[in-house]
Amino acid sequence: MDIKLIKAPGENTLRIISERSRYKIEENPGAIGLVQGKLIEMIGACDIAEKSVGVEVFDVRGSCPQNFVLLAIVGDMEEVKVALENIKAGGDVKKW
Amino acid sequence: MDIKLIKAPGENTLRIISERSRYKIEENPGAIGLVQGKLIEMIGACDIAEKSVGVEVFDVRGSCPQNFVLLAIVGDMEEVKVALENIKAGGDVKKW
Amino acid sequence: MDIKLIKAPGENTLRIISERSRYKIEENPGAIGLVQGKLIEMIGACDIAEKSVGVEVFDVRGSCPQNFVLLAIVGDMEEVKVALENIKAGGDVKKW
Amino acid sequence: MDIKLIKAPGENTLRIISERSRYKIEENPGAIGLVQGKLIEMIGACDIAEKSVGVEVFDVRGSCPQNFVLLAIVGDMEEVKVALENIKAGGDVKKW
Amino acid sequence: MDIKLIKAPGENTLRIISERSRYKIEENPGAIGLVQGKLIEMIGACDIAEKSVGVEVFDVRGSCPQNFVLLAIVGDMEEVKVALENIKAGGDVKKW
Amino acid sequence: MDIKLIKAPGENTLRIISERSRYKIEENPGAIGLVQGKLIEMIGACDIAEKSVGVEVFDVRGSCPQNFVLLAIVGDMEEVKVALENIKAGGDVKKW
């Protein structure tokens, strides 16, 4: 699972994510966290991120609306960082 | 074959699964089990899970309705756990 | 090439195969054999299976009708077993 | 590159190839040769096969008409065998 | 992540990129930089490139508009070079 | 990156390329060069080939018009050979 954190993402970067998800650019966020991996991992990461405080979570889609290729976590820098840390810690998701 | 168990899945996580399967969110389930692997493995896991007690089984689809990328098993925590254990034990499915 | 045998497949399992092939569920079959591999292997396995006695053979499709992702062999337990054994023995299909 | 030779292919096998190519089943052929590999290899194999005597060559398509996933060579047993031997020998196609 | 720099790209090369992105050919650019890698890497590279001076950044799409298979960076030779150097240096994007 | 050279390509081979690109068969060419590799490599090879003398360059598409799965270089035998040599030499394309 690859995880990246973008500080003060630029217009093009926000547009690329917005065009492929339900994310609407209203004001530029402080940070965007990105998570890419197997579908099962990204659904698990989504659950953990949405239980974090102050961030919004979006599934970024590939070639069709039902596809799911990337998880985007939008918020202030500190809150996105906490969400990414929680994803690494595993939260309520257990490998069986 | 990857198997994960999510306790008390959040709204976004349920929506992601619901948008890509016949699963309708009526009340938040206690747990969701996820199984990802080869198509032949997921069909075998589906057969075992649906013979377990108290869970519902959904095929999560990818880019088109006919695709099948993930198996979701919805129910109470204990019942989902039993279904996942049964999948590991192999049930009525034999490797030939 | 992966081969699996499912005894008395459940309703969901039959529906998943039925939704992705010409297979119509009339009465629950005794067994389903599944074969997954390269396209060239599955076409070879299809030829062998359809020359076996008492089974029906279906190509299970992926994201589009022209795709072919899995071979399903439907029939009584003993007949499906014989078809799977024949596939392993190679029948009229030769590797060149 | 995988190559297989099917003797007196059955109805289902012919239908699977026919549904995914321009091949029309008129009378059952003596043999079908199948070639699966990289696109560049299959186009090269196509060129060699169509310069062989007495066989017809078809590109079998995947999820869309423009896809090309398998080469089918239809004819009498001996002629298909010669075409497959020619493919192995390399014909007018050179690796650069 | 693969990175290439094309000096004074030809008409066909510009057309291939133009047909698959929002890029409109007005006058032939001095150079095009190309970046191919995982989606998460290309979004990170996009953010860095668009914070560079004097270049324009385009997401090149694959089989559907929502797909994203390559990043193109268009501008004068020296400015494209600086953008590619910045991508290698990592900019505001951190691996977590 | 795979490179092949086909001498005096046959009708089926030309049709397969024509159906998947802007290439129109007017008279049979002396040779076709084929290049298959990563998208970034094929765009680089396209730029080099179109700067060669006497050949035409076509992007062969896969499942959708925006896809790009193979580069075809059409012309006389000697000119196609020179283009393929130029591709190997790297031309105006630099790995960064």
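For reference, chains read A, B, C, D, E and F in written order, and residue numbers begin at 1 within each chain.
Everything that follows uses one rule, which is that a contact is a pair of C-beta atoms (placed from the backbone, for glycine too) under 8 Å apart; a residue touches a chain by one contact, two chains touch by 3 or more.
A quick map from chain label to UniProt name: A, B, C, D, E, F = BMC domain-containing protein.
For clarity, every value in this text was computed on a predicted model and none was experimentally measured.
Interface overlap for subunit E and subunit F, more than half of numbers shared or less than half: same or different?
Subunit E vs subunit F: different; shared/all numbers falls short of half.
Using mean CA coordinates as chain centres, what's the gap between subunit D and subunit F in Å?
The mean C-alpha positions of subunit D and subunit F differ by 23 Å.
Averaging only over C-alpha atoms, locate the centres of subunit A and subunit D and give their separation in whole Å.
Measuring from centre to centre gives 46 Å for this pair.
Measuring from the mean C-alpha position of subunit C to the mean C-alpha position of subunit F, what distance in angstrom results?
From the centre of subunit C to the centre of subunit F is 40 Å.
At which residue positions does subunit C touch at least two other chains?
62-65, 67
With chains as vertices and touches as edges, which is it: line, ring, star, complete or other?
The chain contacts form a single closed ring, each chain touching exactly two others.
Should the ring be read from subunit C with subunit D in second place, what is the ordered list of chains?
C, D, F, E, A, B
Along subunit F, where are the residues that touch subunit E in the complex?
Where subunit F meets subunit E, its residues are 38-41, 43-44, 46-47, 50-51, 57, 59, 62-68, 92-96.
Provide the residue numbers of subunit B that touch subunit A in the complex, in ascending order.
It comes out as residues 2-13, 16-17, 19-20, 33-36, 60-65, 67, 69-70, 84, 88.
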